[in-house]
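Given below, in the form of structure tokens, are the structures.
Two complexes are shown next, each including chain A; its partner changes from chain B in the first to chain C in the second.
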Partner chain A sequence: MQIVRTVLERVAKLVIVVLIVSFLTFLLTKLLPGDLTATLLGPEASNPEAVAALEAELGLDKPMLVQYWDYISGVVTDFDLGTAYATSNFPVKDLLTSRLPATIQLMLMAQVISLAISVPLAMLSAYRANSLTDRSITAGAFGLISVPSFAMAVFLVYLFSLQLDLLPALGYKRITGPDGIGANLRSVALPVAVLVAGLTAVYTRLLRSDLIATLQEDFILMARSKGLPTWHILLRHALRPSSFSLLTVFGINFGSLIGGSVILEYFFSIPGVGLLAVESIGKRDYLAVQGVVLLIAVAFVVVNFLVDTLYAVLDPRVRRAGAR
Partner chain B sequence: MQVRTPWYRFLALLLGLVLIAAACGGDDSGEAGGDDGGTDDSGEETTTTEEPEGTPVKGGELVFATESDVATLEPGKAAQPSDKLITLGIFDPLTTYVDGEIVPNLAESLEGSDDLTTWTMTLREGVTFHDETPLNADAVVKHFERMVDPAFACPCAGSVGIIGSMEMPDGPEGLTVVFTLTGPSVSFPDLLAGSSGYVESPTAVAALGDGFANAPVGTGPFKLAEFTPGERVVLEAYEGYWQTDDDGVQLPYLDRLTVVPIPDSGQRVTALQTGEIDIFQTADSATVASAEEEGFAAQKISGSSSTIILLNNAKPPFDDVRARQALAYAINKDVINDRVYEGVREASYSGFATDSPYYNPDAGTPQYDPEKAQELVDELGGLDFTLVCIPTPEADGILQLVKQMGEQVGMNITLETQEQGAYVNRIFSKNGDYEAACFRSAHFIEPDAIRPGLTTDDPGNLVFYSNSEVDQLLEEARQTDDVEERKEKYFRVQEITGEEVPLITSLYDLFGNVYNADKVGPPPPGEPNSLGAIKPGFLYAVGG
Partner chain C sequence: MSEALPAPDVITPPPDEAADKAPRRKSRLGVAGWLAALWLLAVFAGALLAPILPLDDPQITDFFVDNNSSPGTGGHLLGTDENGYDIFSRLVWGGRVSLVVAFGVLLLGMTVGGLVGIIAGYFRGRLETLLMAVVDIFLAFPSLILLIAIVAFLGADLKNVVIGISLVSIPAFARIARATTLTFSQREFVVAARAAGAGNGRILVREILPNVILPLLAFGLLVVAIAIVAEGSLAFLGLTSSETVSWGGMINGGRRPLQEEDIAHVAIIPSIVMFLTVLSVNFLGDRFRAAFDVKDAAL
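Up next is the complex of A and B:
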């Protein structure tokens, strides 16, 4: 029962956070310089009657709180995020759902691949701390962190698209498209590679330093003195207590990657959430902007909740603290 | 993440207002790079385009990249180049320009009364919308009613508002519409050549409501087959299309045209190299130059607008004509072209495009002559002024060069920059709070568009220029549709302004369609008022 109560408390907090974020976003979009009526009306924006008529049509003539209430109640009851007036009147919900697959695919592939690479690398590095291997891995990771993602993107496009003609330079092919999963994987290969390079470097360095600290602990010495094999010690004894920083950063990245990697989506012309945000801000399409921010806020909050829960799985002390 | 107000909004503000006759150019806000467009439909810009060559072939498909995603595909609203390209495929304007001359298009004829207030339109027979609704008087009347409906919020409402009433003498099923305007207008046919003249299917509008914007149905050469915002728009040939080319070949040439947004300018060139696209449109001079270096063909469309320098004619030092002439003589437009625009643009000495019938090549507008500039400055005993602009790389480049050039002939120029919104308000407020200012001005095929910018005390006269002869000439020129008579008057206006230099035009903006000539035939000429967009119905693939 205690667990249920804890969970419920956390969920309540999450809802409050999301509401606050959605309200602030709502206010922010009102503060953006330029406005939607001017974008939509063009030269007619100098005609006050036309502006008034459009504001009434869009509900912008109502008091701010009423506008917010209309918006948020629509979201809650019908999952209605409004209409993207500056994007051919598409419902914001449809825009988001059409943009999410690309963003989620990039995020999942990048996260899983970089984790799969960085965990063994970090263990190798930490186990042989200060060896040539360790120094090579550390230096490599440092190098990758220093390269901005757009520079890496330009380099990879030059190499794999222009010189070797192996991979498409841009665009996104849906899995459901006519060319199936092969074309889909080829279309995301370069942006995923750029993301993986950055993430792997960060994850490797984080896990390596935590592992080195853990490997100094008495219980590791104990395990060694019992004659357990190295791989067994690293995997079963050292990894779990060393993975808190990694898990935290990993979780935060889920949240931020759902907003899309704006630079990469722009560069590779990938129709993801990040590119939608850029386009919508440029067009003052404020309901689309609100939709994107709301999505990111919800994703952050949910991921953080999951990470908190995972702490408890990883560390018995957290579980016991929760039970007190 | 870079966010800026698109300059086209200010270009749009300017249309209808502005400028020029003799020389004059400026820059309001910097290159959009990705996002341009946005002019109203009260006039058509003129454009200069290379002539297409080669024999078009029917069949095949092409991928066309744009700088930005679709904002709207609605008649009356489509303004930026990507929207224009697609809507020119889905819709047909009622009139259109062929070689700079306006001709009926979806209309079969359009006749004005002697006083230019009543216009009788007869529609083409047997034209159908993509949903098989027939084109008739009812569709046209409903179209214009929709354009001025406040709920539709069309930027075109003001210009279309000139239509006072419409009658259908042969009934709604007939093909005749009589327009009675609120006043005489020589430019009514011109209004119908832009997106205000795209007629949409009344059946589809009734069925879809606001959703028509993302499922538009017109009479154009292409049907909308797929529209995924941010990803792609697929157009498929409409088999029932009414138009054939001069050789009797059924249009459109292409079976299918896919339009994809590629926001990054470098990636557009890369995609052309890897064959992922066949052609792209751009407003970025550097991209045109780099694509040409890579061996691609570029259709350059110039003259639809130019950068200008506004001079405050009402206030020292530019209330003295010698000061205005001195600055005009001091500016070397070729240097600005090379340093700021990779040398791909064209110097502008007129408020008209060079291929406009109203362009006077012998107007005597000052050309670069540092000695004359020096003489005038000496005569004035020096020339000190502040030149103000918005802080963009483009504007910064121009400002620095103008400062250098002015100082070489003894001027003392102070540069000032101001954030765009405040800047535009400052210039438009008409309290004359500037000496010299950069701006961007649109050019129109319909020459009356220059009137507000030069008429004494007109709200569109941003430079406070006043010359009673010019006022009279411009007023007379709009009372007639006799081209020769109008030409005479506009030529004279350009001579006067060439002498008096109310403002300085700098360089024509350049829009490019860059393509792989192995796969794409030479594109059709740029549409007026469309910032480089072309009619996709005339685009063809090499070898079909």
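Up next is the complex of A and C:
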């Protein structure tokens, strides 16, 4: 019963946060200067009657709270995110679903690959703390963290496209496209590599310092004195209790990567959600902006919820404590 | 890659260094530290002295050489860019923007965020709950998108970029200030001051503030690195005024030569400068934080 209550409480909290974020996004697009009618009308925007007519048509003349209510109730009941007026009147929902696959592909590939690289690296580094290996890994990670993603993109394009002529310097090929999965993978290789470089550095540093702390614990000494092999101790005993910060940041990144891939989508001309956000902000296409932010906020909150739940799975102490 | 602000990009959590602090030697900076300081000093001096240095005008096309000409051509130390502007001169001038952003964010973001955090951490209770709830909600926004929106809507000039980045950095400063204040507000010297009859105002200014400010500043260096990248990201996305010379803008200008004409130096040179600057700030910040033992976990 306790568990059901905890879950319900968390879901309620989740809904409230999403509502607040959606309202603030709505406010933001209203409060900041520049508006959609100017984009849509062009030179006609100096004609107050035309502006008023368009505002009435789009429902922009209603009181703000009514506008918000119309919007959010549409979202909740019909999953209707409105129309992107400045983007050929596409429904925002369709716009998002057409842009999501590229972003999700980048995000998933980057997350999985960087985790696969950083866990063994961190274990190696932590086990041989302060050795030459450890110091090289730590220094490398430190350096990588300091490379802005667009700078890394420049370096990798220079190396792999210009010098080695191995990979395309820009563009995105859909998996369903005529050239199939090979072309798709080649087109995302560089942007994914940029993301992986940054994420791997962060994950390795986090896990390494937590592992070093765990390896000082008595139960590790115990395992060692039982004569268990090193890999067994690292994998079965140390990894699990050391994975909390890593898990938190890993989770947060699922949310932030949706927006964070803006730079790379722009650099490599990949039609993803981040690029959509930038384009829509430029056009003051406020419903599209709201749609993107709402999507990211929901992803963010839901992932955090899942991470919280995972804590309980990973750590029996959290499980028994029930609601925190 | 920062992206906490923006994270620009991906959120980079400050790594927890507490675990491996023990064997650190007493020597303060080391060779790498001095190199980092030297580099920053050079950027800083260049930025300050740009108007009186014998540089080409960063906004004037040299019609005597080709656009995108390689380093060394026609007296251009690092070549010219797509508009025929001198790259070296633009690098020096671009440092000004990074400098303004760095100081602006420290001044604005750290002051406001620090104040919020100290008040929340000192007075606790409902006020703390309220302030921290606001901070948490702020953090639930995708920060780069928020930043892009603020700057795009307010108008893309340097002032608004600084305001935008500062706004986005407030929650992080508030959190670190609150955490640090919490650890100090129960300490004996605060209790003693209160017993001696000091009011809240006096305790905050004389006892709490001096203890919070250095960790906050140490954390501030991390935010400075992120802020420089954030400004670069905005400029890279074209969100600067046309008069502003910014490294991010230079990299953006080098995209077409790089990706379509196989000319690399226009994009690569500012990328390297930006990397070295961020690396130096991060490195010094790391040393600084280790010295003050800022517990990043408190974030």
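What we mean here is this: the second predicted complex is superposed on the first by the 321 of 324 C-alpha atoms of A that agree within 3 Å, B and C clash if a C-alpha of one lies under 4 Å from a C-alpha of the other, contacts with A are read in each partner's own complex, and residues count from 1 in each chain.
As a convention for this text, a residue touches a chain if its C-beta (ideal position, glycine included) is under 8 Å from a C-beta of that chain, and two chains touch if they have at least 3 such contacts.
Values in this document were obtained by computation on a predicted structure and should not be read as measured data.
**Q** Regarding the shared-chain residue A:L170, is it in contact with chain B (first), chain C (second), both, or neither?
**A** Both partners, chain B and chain C.
**Q** Report for A:I281: first if it touches chain B alone, second if chain C alone, otherwise both or neither.
**A** So A:I281 meets both chain B and chain C here.
**Q** What is the contact status of A:Y266 with respect to chain B (first) and chain C (second): first, second, both, or neither?
**A** both
**Q** Just chain B (first), just chain C (second), both, or neither: which does A:P191 touch?
**A** neither
**Q** Taking the superposition as given, does A:L162 touch the first partner, chain B, the second, chain C, both, or neither?
**A** both
**Q** After superposing on the shared chain, does chain C or chain B touch more chain A residues?
**A** C
**Q** Using the touch definition from the top, say if A:G251 reaches chain B (first), chain C (second), both or neither.
**A** Once the two structures are laid over each other on A, A:G251 reaches no partner at all.
**Q** So, A:L54: does it touch chain B (first), chain C (second), both, or neither?
**A** First partner only, chain B.
**Q** Quick one: classify A:G82 as touching chain B (first), chain C (second), both or neither.
**A** neither
**Q** After the superposition on A, what does A:G291 contact: first (chain B), second (chain C), both or neither?
**A** Neither chain B nor chain C is touched by A:G291.
**Q** Both chain B and chain C contact which residues of chain A?
**A** Chain A residues touching both partners: 33-34, 154, 157, 161-162, 169-170, 262, 266-267, 277-278, 281-282.
**Q** Which of the residues in chain B end up touching chain A in this complex?
**A** Within the complex, chain B contacts chain A at residues 1, 3-6, 9, 12-13, 15-16, 35, 38, 40, 68-74, 77, 79, 150-151, 153-158, 210-214, 227-231, 260-264, 266-267, 270-271, 273-274, 276, 421.
**Q** Which bits of chain A are touching chain C when the two form their complex?
**A** 17, 20-21, 24-25, 28-29, 32-34, 129-130, 142-152, 154-155, 157-158, 161-162, 169-170, 195, 197-199, 201-202, 205-206, 209-210, 212-213, 245, 249, 252-253, 255-260, 262-263, 266-267, 274, 277-278, 281-282, 284, 289, 292-293, 296-297, 300-301
**Q** Spell out the part of chain C that touches chain A in their complex, as residue ranges.
**A** Checking each residue of chain C against chain A gives 1-3, 6-13, 15-20, 23, 137, 140-146, 148-150, 152-155, 225, 229, 232-233, 236-237, 248, 251-252, 254-255, 258-260, 262, 264, 267-268, 271-272, 274-275, 278-279, 282-283, 286, 297.
**Q** Looking at the complex, which residues from chain A come into contact with chain B?
**A** Per the touch definition, chain A meets chain B at residues 33-34, 37-47, 49-50, 53-54, 57, 83-84, 86-90, 95, 98-99, 154, 157, 161-162, 165, 168-172, 262, 266-269, 271, 275-279, 281-283.
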